[in-house]
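Take a look at this one; I'll ask things after.
A, B, C and D are the chain letters, set down in written order, and residue numbers restart from 1 in every chain.
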Amino acid sequence: MKKVLIIGAGTAGLSAASSLSERGISSVLIERSAILGGMATEFGCKGIRECVRCDACLARDKVNEVKRSELVERIKGANISKLSGKPGDYRITLSGLSLEGGKRQVRAGAIICAFGYEPFDAKLDHRLGYGLVGDVISSIDVERQLKATGRIVVPSTGNNPASVAFIQCVGSRDKRFKQELCSRACCKSAFKTSQFLKKQDPETMITFHYMDWRLNDPRENVRQWASGQNGVELLRSRPAEVFSGEDHRPTIRFAAEGDAQVNEKGYDLIVLSVGIAPSSETSRLAQVLGTEVDRYGFLRTIPGDACVSTRAGIFLAGCCSGPKDLVESAKDGAVAAHKAFQFLEAGL
Amino acid sequence: MTDETSIGVLICSWAGGKDGAFDLQALKDHAARSPLVTFVAIVDRICSSSGQSEAVELLKRHKVDRFVVAACSPGSKEPLYRRISSLAGLHPLGFESANLREQCAYVHDSPHAAEKAKVLIDMAIAKADLWVPPPYEDELPVTRRAAIIGDGLAAGIAAYELAMQGIDVDLIMRSEGFEWPADYLFENRVAQHRAEQTMMALAIHPRVNLVQAAEVVGFDGVPGSFGLMVERYGDILPIKCGAVVLAPHLEVKFKVLRGTQVGALLSSDLQDGKRVVILPGATGSGVGCNCVSARAVRFAQTVKERSRDSQVMLMGREMRALGSCESIYEEAQRQGIIFTRIEQVPVLEGESPCTLKVMDASLGELAVKADTVVMETSDAPQLPSLSRLFGVPMDQKGDFLTLETRLRSTETMQRGVFACRVRMGNMMAEDLMLEAKSAASFAAELLTKGTMEVGGAVAEVEPEKCSACLACVRICPYGAPVIGEAGKAQIVMQKCQGCGICVGLCPSKAIAMYGSSDAQLRAQASVALQGVR
Amino acid sequence: MIIGEQKPFKELCALLDGHKEILVAGCRSCVAICLAGGEKEVGVVAESLRLYSDLNGKEWRVDEVTVERQCEKEFVLDLIERTKGKDAVLSLACGVGAQSVQSLYPGIRVLPGLNTSNMGAPEEQGVFVEKCGGCGDCVLHLTGGICPIVRCAKSLLNGPCGGSQNGKCEISPDVPCAWDQIYHSLERLGRLDLLEELIPPKNWLPSRSGGPRKIVRPEAVLTPVEKELRGAKE
Amino acid sequence: MRIIGYICDHAAYSAADLAGQSGLRYSSDVVLIRLPCAGRLDIIQVLKAFRDGADAVFVAGCLEKNCHHVYGNIEARKRMEQAKGILDAIGLNGKRLEMFNLASNQDFKFKEIVDMMVKRVEELGRNPLAVRA
C-alpha cells in the first residue's frame, strides 16, 4: 500500500507531502482547519525590503508547492478518529463535517504525524497580566497584527509604540506550567520582530527581559546587533509582575542581573514571547495511533532516529514531537517523508 | 503572426469566479475576433477530469499547435495545463495562461473586470503567438548513484540513509577509517549507541563502496551525470554519480590551555587538576557570542562523572541549549557543575594551578583558581576545499551557503549537489545527523525518481552576437554559463534554472530566453497599452 | 581593451539637436565589454532618444545598429544600407570606431556618444581600471609587470616619491602606490635586484609627443604587388 | 490610466494571487506581466512601455536576501535605479518607475504597492504621451 497519510497541513506536513510527491508517492493530507499552511499562515513577514529570515513566508511557498502536486489529496476540516489494520496497511477513519456523511475511510501504508503545537496560553501565568493589563500582547498577537496590516502598533492607540518590552520564555523553561523545555523558536522570533520594529520606526526603544539568547542559527548575534542600534536594552531578568502603572501604561516589576534593586518600568507595549506547548490533541491522537507521549507531553521519537515514532509505520514531523522553528520543521518533514518512503519500499 | 502558428483559446467556465464577474460569452466573442486565433471555447471547469478531456479533445480536433488557457492562477494549475498540452500531443509547455481569477475577477469590480479580462486574454494570445518551442526533456535519466564526501558522522549517516533506500553509494573519505561517533557529543546516550551501530553496519553494507584515504581532486559533468576524480595512493580513480552530498567532518576539540591533557581529564583516576574550567571558544566555534554550548556541558558532565570529586566550572555569557537540550543543562546543574556568567574573555595568570580573572555578570570582578583550563574549539578543515571544488559558496562564518529561501535547506546553488551545514541548532551530534538525513533525503528524491526535468524556460546564447565579455559567467548564481570551445559563451542547460538574470544583463543582447523572450514581454506590454497613446 | 563611458544623456541630446534622421551605432568589441556601447546600450540610448524626441516634439527618427568592430572598415562598410538617408550617426564606439565611420561615410555627421577614456581591464564586474599608458617604450620587464607610467600618478620610473604612505598613493587612499606594488611583485619574483637597474630618462618620442602613432608590421602588410593581385577592394 | 507591473514569478506573483484569494480590491488600470525573476527585466522594456504611454511602471520582486534566484531582485533594483535616472534626464519623472520587494504572504502589501502607484500617477498627472493622443 504505497500511500501515506499525513496528519496536519502545517509547514512540516506540507514539506512531507511535497517530498513524497517528488518520489512519486501519493499522500492524503488531513487538515483540521479550513486552510492549508498551519500556524505559519498567521505569521507576518518581518522584513522591509530586506529579508531578516523569519521564514514566515515559506509556509505559503510550501502551500503553493503542494497545490501544484497532483499526488497530494487534500482533505480540509477533517480529523482522525480511528486506526485499524497493521503497519504497511493501515485503515484510518476520518471524521469531519466536510466529509460526506461526516466519515470516510482511508487506507495508507504509513502515517506521518505533523499536527504541530499550540502556543502557550499566556493567561496561565497570571502575573504577566495577559488579558488583564492593557497593551500586553503575546508574540502570536504580534504575528497576527503583522500578517494582517504589515505594522506593529499599540492596540489601545493604534500608533507606533515608542517603547516595547519583550518578555522571553513565557511558558518555556518553566516547571510551574510543565513547560520545561526551551521552545527553540521564540528567541529568533523576538529578535526578528525587534529588527522589524527598528525598521518601522528607528526611534522605538526596545527592552528584552531574557534568560539566555538561543537563536537557532549560530551565525546570528543579538548582542552585536543591539550594540549597533540606539535604544536597545538587553536585561537578563525574569520579571516578577506586569501591572498597569499610574500613567495607565503596562509596567514591569523586575530585578536585573548585577543589580539588587527592584525596578519598575513602564512601556507602550509589552510582548510576551510565548513558548511552544504540546497540541491538546496529542494524547488523543497518541491513543488512536498507538504511539507514546514523552515526559514533556510531545510524541516520543526514538533517540538517534529522528522522525521515527515508537510504532512501526508511524513517523513524526515538526512540533508534534518537540519544539522546532519553521526551517527545522520543514527539514523534519522531508526526513519523515524519507523515512516513510524507506518503510514502504524496504519495510524498514 | 507567423504563418505556421495556430492558437486555441480555452476559457474555463469558472474563470469569472463563482459569482461570474464577467460575461464569458462576450469574452469568447472578443477573443474570437483576434486574427491570431483558430478557435475559442468555453470549457466546463477545466481542472475537473471531464474538463481536462474536453480541453484535450478540442485541441486535437482543431489541430492547433499552442493554446491560451484563461482560467485561474497558473501558480497552482500549471502542472495541470502541462498535462493537457501533453495529452493533446502538443509540446508540454505550449500554452500561455491568462490569470482571470486572481488577477481579475477577484480583484476588480464587475464592469472593469470585464474590460480587464479582454486585455489579459489579448496579452496571452500575443505572447502565445511569439512562443518558440524550447528544448525540453521531461525525464532526462540521472545516474542512480550517489557520492558522499566527508569523514565523519554526517557522511556516514548520509551514506547509510541512501544505501537503505537501495541507492548505491560511494563514500569518499580522506582518512583510513571512520571518525567514530565516540568523538562526538550526543544529546542522548541511546542515540549515541544507535549511531555507533549504524556506522558499523555501514562498513559492511553491500550498497556502500568505501573509498578510503582518498581526496577528491576534480569535479565535472552536468547535473544528472557528474564525474568525480578521486586521488588515492597516487592513482586517479574516476567516479560517476547523479548526486553529490558534501558532509565534511566537524572536529570538536577541547584545547588545553593550562594543566592536564584532555585524555587524562577523561580518565577515571584524575589525580591532579581537579579544579577544571571550561571556556567557550572565542573564535572558530561558530557561535556568534561567547556561549556555553550544549556540547561543552556534555563534556563537563563526562569529566564530572569520571571523577566525582572534581570541581567543574563552565564559563560563558549565555547558556545555549535549544529545545530538548534544556534537560542536559538541568542535569548538569543537579550534578553540581557550576555555571559562571562572564562578561568578557577571562585573563589567565600563572601556570597550573592558575588564576582566571573574570568579570562575573552579577558578582563583579572575581578570581577563580583552576588546575586545568580547556577551551572548546570546532573546525571543519575540509569545508573550504569542498566549497571551491564544487562551487558551493561559503558564508561569512565558514559554513556552506545553501538555498534557505526554498525551505530545502540542504540544497545548494549547484543542482544535484547537497551540502550538510556543520553548525546548525545546538551543534550536537544529533543536529549533524538530522542535517545529513535531510541532505540524503533530497538526494534520494532526485535519485529515486531517476530522471530530472531539463530545459523549458531556459536561456540560450546566440554565438554570433556574443562578445565573450564574461558578464553572464560572472553573474549567474548557478554557474550555468561557460565560455565554450568556440570562445563564445554557452549555457549548460542542465544547470540553468531560468531566472533570466543574464538575459537582462548581457551587453551584447546575445542571450535569449525561452518563455520570456524580449519579443514576448514587449508584445504583452504593447497589448496592455494598446490605445493608450 | 579600450575603456569608454557614455556621455551624459543631456549632452547626447544637445549633440543631436538639429538632426532628424539618426543612426545609433554600437560596437560588439571593447565598448560592449565595458558596458558602454554594446547592443544593449545602443537599445537603451536609442529608446531614450525616441522617448525624449516624442516628449519634446523633436521628430527624430532613431534607428539602431551594432557592428562587430567599428574600427574595422569591412564591418563598417556593412552599414551602407543602414546609413542611407541618415543625417547623423551617434557612435557608441570608441574614438577609433567613430573616426572609421566618419572616414567611410564622409557625407554624414558622426557624433561621439562615448568619451573614450583609457586602456585598461575589468577589475571586477562593472569596474574598469586603466592599466597601460601606451607610451610606446615598455619597461614592464624591469617593474615586475606593473606599469609605472599609468599606475603611478607621477609616472615615476625609478622608485616612489615621498607621497607613498602605507602602500597607498597620496592622491587618494583608494589608489595603491604603483612602486609599492612593483616592490612586492619583484620580491615575490625574487628579483629585487632589478630595482638597482636604473631606468634612464624615457624616450617620449614613441609616445604622443611624436604625433599620431603608427605601427607597421612589414610581415603583415600586404605588398603593393599583393594588393594588385587581390584587386581593388575599395 | 494604465500602469504596468512587472512581477517576479515567486514572492510577487504569489502575493498577487493571495491578494486575489483574500478578495482585496485594486484598480483595474494596473496590468501585471509575469517574469521568471525580477532580474530578467532590462531597461529597454521599461523605456518602451513608457513610450507606449504607460503612466507608471513598477517592478516587484522577492525581499532582498530572499530572492528565489539568489540576487535577481538586487540586479533588478540596480537596473531600475539607472532607468529612473534616464527618465529624469528625459524629463519624464523618475518617480513613475518604482521597484518593490515583498514576501509571498504579503497580500496587503501587494495592494498597497498598487494603490501607491495609482496615487502617484494621480499626483504626477498622466504620461504626457498618453494625454496627447
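Miscellaneous remarks
Keep in mind that, in the parts below, a residue touches a chain if its C-beta (ideal position, glycine included) is under 8 Å from a C-beta of that chain, and two chains touch if they have at least 3 such contacts.
Please read all numbers here as calculations on a predicted model, not as lab measurements.
When each chain is reduced to the mean of its CA atoms, the one lying nearest the mean of all protein CA atoms is B. Look at where the CA atoms of chain B average out and do the same for chain C: the two points lie 44 Å apart.
For the pair chain C and chain D, the distance between mean C-alpha positions equals 37 Å. Remark: chain B and chain D have CA centroids separated by 29 Å (rounded to whole angstrom).
As a whole-number value, the distance joining the C-alpha centres of chain A and chain C reads 60 Å. Shown for chain A are the residues in touch with two or more other chains, namely 51, 53, 61, 64. The multi-chain contact residues of chain D, meaning those touching 2 or more other chains, are 14, 42, 44, 48, 51, 62, 66, 129. Annotation for chain B: residues 75-76, 405-406, 475 touch two or more other chains. Every pair of chains that touch is listed here: A-B, A-D, B-C, B-D, C-D.
Residues 42-44, 47-48, 50-51, 86, 89-92, 128-129 of chain D are the ones touching chain C in the complex. Those residues of chain C whose C-beta lies close enough to touch chain D in the complex are 8-10, 40, 43-44, 47-48, 50-52, 54-56. Per the touch definition, chain A reaches chain D in the complex via residues 41, 43-45, 47, 49-51, 53, 56-57, 59-61, 64, 147-150. Taken together, the chain B residues at the contact with chain C in this complex read 465, 467, 469-471, 474-475, 506-510.
Touching chain D in their complex are the following residues of chain B: 73, 75-76, 99, 101-104, 106-109, 112-113, 115-116, 119-120, 123, 405-406, 413, 457, 475, 477, 497-501, 503-505, 513, 515-516, 518, 521-522, 524-526, 528-529, 532-533.
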